[in-house]
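Two complexes come next, and they have one chain in common, chain A, joined by chain B in the first and chain C in the second.
The block that comes next holds the complex of A and B.
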């Protein structure tokens, strides 16, 4: 009985291996949206980068969430105020580093580059030889890998071989030498997506594939498309994947759901930036620079707001400022915010009225509700100010 | 009629087995849980069998027999059932387990295996082996999560959980498989990008042109 079961298990394993082999030849379902031309110049543009970073936002508790890594130790120190200030700044810098966006590049085509053909070497060996340059300190992309085929041809190795050799001699932490089952089997990745494990899938994708590989484009596009349907954008906010996601939507003209989510969560500046990005990508003749400059003057950058958040943990000097701050914290908005909201709402309404918006009714409703809430808040704000006897500045 | 008979049966079973510890009450309860999952006809038949057993309560099914293979789906359902809740409460399956050993210090390693030739061969089987409805499989995430450290994400040592060596090996394999297939998430190492590696060469080319 036992023996029979073992045999059956072996059979089952073989069947599984067979299935895996079948699957590895046919990769996961291709996504419908692709970058049809090179997105690199637009993505690396300084303005685009700034917009994307601002949209990503910087929530420190999100970036420095507790991770299950081997070394999870913490240190307790006594510090002077100056030292603490320096520490805060280095913390924000570190967080910005953690939010580094993966590069968006187009798919690299594999080209045969033959160095020499030596028919004299034909049948010298019955296997091909791969030569890898393993000089210390060279970049992965610069490393030369050449192959001597059995028929005597010497050629540069294909991208796949190069990657494998690189992984063999200079392993990247977390990358597998085989295709993880999660990416190989269609139902497993579909399951991950329905369970909203977007960040996990994307994290793993970054480690497993290079940004110029077709699998990378395929799977990331699938994740973004699924996100656009499930509308759980908040799961990626303040992670390194938010920027490429917004860029993807802007590129493929489907920003409306993300825009709706931003308006609903009262991230009006981000909404304006998203619209500006899509205008920029598609060369729409609308002047957005002016609005952006105005908003920039009114709003702090993500790094600045993170710093103020850190500093707010410390005791503030008491005074007249106290009451005003209390009012701000009670309502959650300052005078500047109200003026910024007005400017951005104007810009957003202009977008909704134009022909670029696809889900007009939904967006209009969201804007309307937000306006009403804002109006109430403004009234409360003015009333409180009057009651406390603070003059409008 | 049926539920009453089943109640009497389980009560009797409890009384006869109460001296053997709390786990056997769980196993009788589990019988009930698995019954509900089966079809009506099967339930009828089992109810009759229960009735027969009422008359001869001493010769129940062998509690040490482990030759029957329990499917993972059953195990996954069991982990969500009331029977599981009653047995383990909110604890992990290994929290209440204590190893038996002579002297003050436990041997470094746990025993090699608890199950030999399809039967439990020890008086104090490990937390996985003692409960036949706990099946180690990569799809059974709810069970696997109980054996993963919340601090560093590793599989907990057998010196903490008390698993026998065979179960522990199966556990590590299942956890690896689950991570590979995306059933369990873990924190992927951070990858730093050198932008010039992807963009630098393009610019060089442009300069030449």
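The block that comes next holds the complex of A and C.
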């Protein structure tokens, strides 16, 4: 009886699978923007990576946010100051590792690579034979899969078949053999996007597809396009998808919304970096390296600032820069920050004035507001310093 | 054969012992005879109703002296004749001369069947039931305690308000309800009920008390109100669990309590479970070693939760940072306690294990697992070998289905 029921269930599932296959043949809505050249050399460039990492930022409470896990137990430990320091460093390293960006590469084309044609083997069987090298420890990309067609041709398998065989013999956790419904049905993906579940869609996409697959390009482009309209860029900040997103906008010359968001949130250095990235990609003859170098000298890297934030939880040796620290924490900016802001604003205004900026009025307004706020803060800062008798350095 | 049957019948009739016997049926089948006899004599039809009822409702003289049957009014003699009339039995029939006239005009009235009525039978049963005043209490499943309709584990409501102070958000639960005896000079062995109950508002305020009274209800009320007078404030970690693992003991009862993550639940002795619910602790594991005397468990547990230390105190005691790493946060290290004078000696941190420190260097006894007698037998080993490849099979199949079709 039980067996019969199981068989019936299986039959039902197969029917469903059939339906799904039919559905998946009708692809989701294609994205409008595509990489027409190979973006990989520009993306993996060290300078670009540095810019993107800096733009991503590193908020540890965001990277290590509470997630649903099967075992949510916790461990309590005793630590000395040195051990805690080491722990903090390893945490920042781990965070950096978790923020590693998925590569942006061009779509890999499927090419027929025939090994041999053996007409003598024609009609040896009704079906094709797939041979897979299942040697242990070989990388997925270098695993050989060949197909013997019914007409006797021996050829390398298509990318689709290779992926399927890899998944069959060495299953990747979370990757499914058939297209997940989320990516197959237009209404489901549209629902995810309207609910602003960008990170979830991107994470799932990364598990299901390789970065060189057309589906990956299509769906990620759709997510970024939707983000550019909804302007919820902050949802991807401090995740591994922020870098590819910024790169996408810079590549397709639509950085203005992201720039506006950065200026509004007072991430001026990021704004400068975004403009610089855009100049770099499109070979605009503007000297940006100098500004970036100046800003780098004034600002700590994301990892450094994360570490300082962690260290603030430790007991500080007393009597060291007590009042100055307090003023900084009250205003939220140091003297260095004010200098850096001036340099960045100059660079940004230069960009807005140029022909590359599209939403000039909006950006100008944002810059103006920020300038006023900064002026007030600076006055307060100087007043407080004077009141406490701290010499301007 | 027929002669033999008649002889038995005659014997039965003639014998005084077989006076009330009836021979219901005699089967004659392939030479085998069956004789079914029923004795319809017992004290039910020998003694008058009064005597039989006395046997059920009253207590013998010897019993009275021992103090039995004090719960008077539990059983009362029923008048079974009530609601019945002569001639009206289970089979509704007209009995000429008994429940109907024999003659109707000039016509002789014959015995005949009347219409059946079940209501009447049910009505009689109802009437009889209503005569006794003792009924087994039917409890709503939600209101049940640890076991059936017994008191332990059951809620008895908030303590009575004292003046203007109201215990509106409180709930009291009974932990123990037992009979205790003491010897009195003039009354001899005197019986009382002892009730231990715990009351609390589910938000860190709780108290417990024992009270004795000759009546259960009085004892319950007294203990409930006394518990309300002995409230203790308990700090809860994240409003759901204890601050750290601890060891606590009272008498021969030793309890090891462990802090647990959100959603773990209460995995402990039922008395500790009830106390935790009343206090507001939601996640806890506790292991009791030694005696499971409820009074001792309650006292030990309350001592334990009152002696908890804050993270800051622990840090200052050891001069080490107390750091929590949550798996749900992917191992993010949170500093929970910061000492005034952090030690720089790595040796002390290596030696000091947090759990050993909080448990006071006590370790839970790991009992040796006792395998069933057949465990090492050849048959069982063979069975295990055969079953081995089917282990987890259902799960694997489900996983495959999920992974490939959806």
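Assume the second predicted complex is superposed on the first by the 367 of 393 C-alpha atoms of A that agree within 3 Å, B and C clash if a C-alpha of one lies under 4 Å from a C-alpha of the other, contacts with A are read in each partner's own complex, and residues count from 1 in each chain.
Here is the rule we use: a contact is a pair of C-beta atoms (placed from the backbone, for glycine too) under 8 Å apart; a residue touches a chain by one contact, two chains touch by 3 or more.
Small disclaimer: the values here were computed from a predicted structure and weren't measured.
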- [ ] Could you look at A:124 and tell me whether it touches chain B, chain C, both or neither (first, second, both, neither)?
- [x] neither
Open item on the list: According to the stated criteria, A:78 is in contact with first (chain B), second (chain C), both, or neither; which is it?
Closed with: second
Open item on the list: Applying the document's definition of touch, where does A:315 land relative to chain B and chain C: first, second, both, or neither?
Closed with: second
Open item on the list: Per the contact definition in the header, classify A:88: touching chain B only (first), chain C only (second), both, or neither.
Closed with: second
TODO: Report for A:60: first if it touches chain B alone, second if chain C alone, otherwise both or neither.
DONE: second
Open item on the list: Applying the document's definition of touch, where does A:69 land relative to chain B and chain C: first, second, both, or neither?
Closed with: both
TODO: Look at A:40 in the shared chain and tell me whether it touches chain B only, chain C only, both, or neither; answer first, second, both or neither.
DONE: first
Open item on the list: By the touch definition at the top of the document, which applies to A:170: first (chain B), second (chain C), both, or neither?
Closed with: neither
TODO: Look at A:211 in the shared chain and tell me whether it touches chain B only, chain C only, both, or neither; answer first, second, both or neither.
DONE: first
Open item on the list: Quick check on the output: what are the common chain A residues between the chain B footprint and the chain C footprint?
Closed with: 67-69, 72, 98, 176, 180-181
Open item on the list: Residue numbers of chain A touching chain C in their complex, please.
Closed with: 10, 13-14, 16-17, 20, 60, 64-69, 71-84, 87-88, 91, 94, 98, 171, 176-178, 180-181, 313-315
Open item on the list: Please output the residues of chain B touching chain A within their complex, sorted ascending.
Closed with: 67, 69, 118, 149-154, 177, 180-182, 185-195, 197-199, 201-202
Open item on the list: Considering only the defined contacts, which chain A positions touch chain B in the complex?
Closed with: 1-2, 5, 40, 44, 67-70, 72, 97-98, 100, 102-103, 105, 139-141, 172-174, 176, 180-182, 185, 188-189, 191-192, 197, 200-201, 203-204, 206-207, 211-212
TODO: Report the residues of chain C in contact with chain A in the complex, numbered from low to high.
DONE: 244, 260-263, 318, 320-333, 335-336, 338-340, 342-346, 348-349, 352-355, 357, 401, 403-406
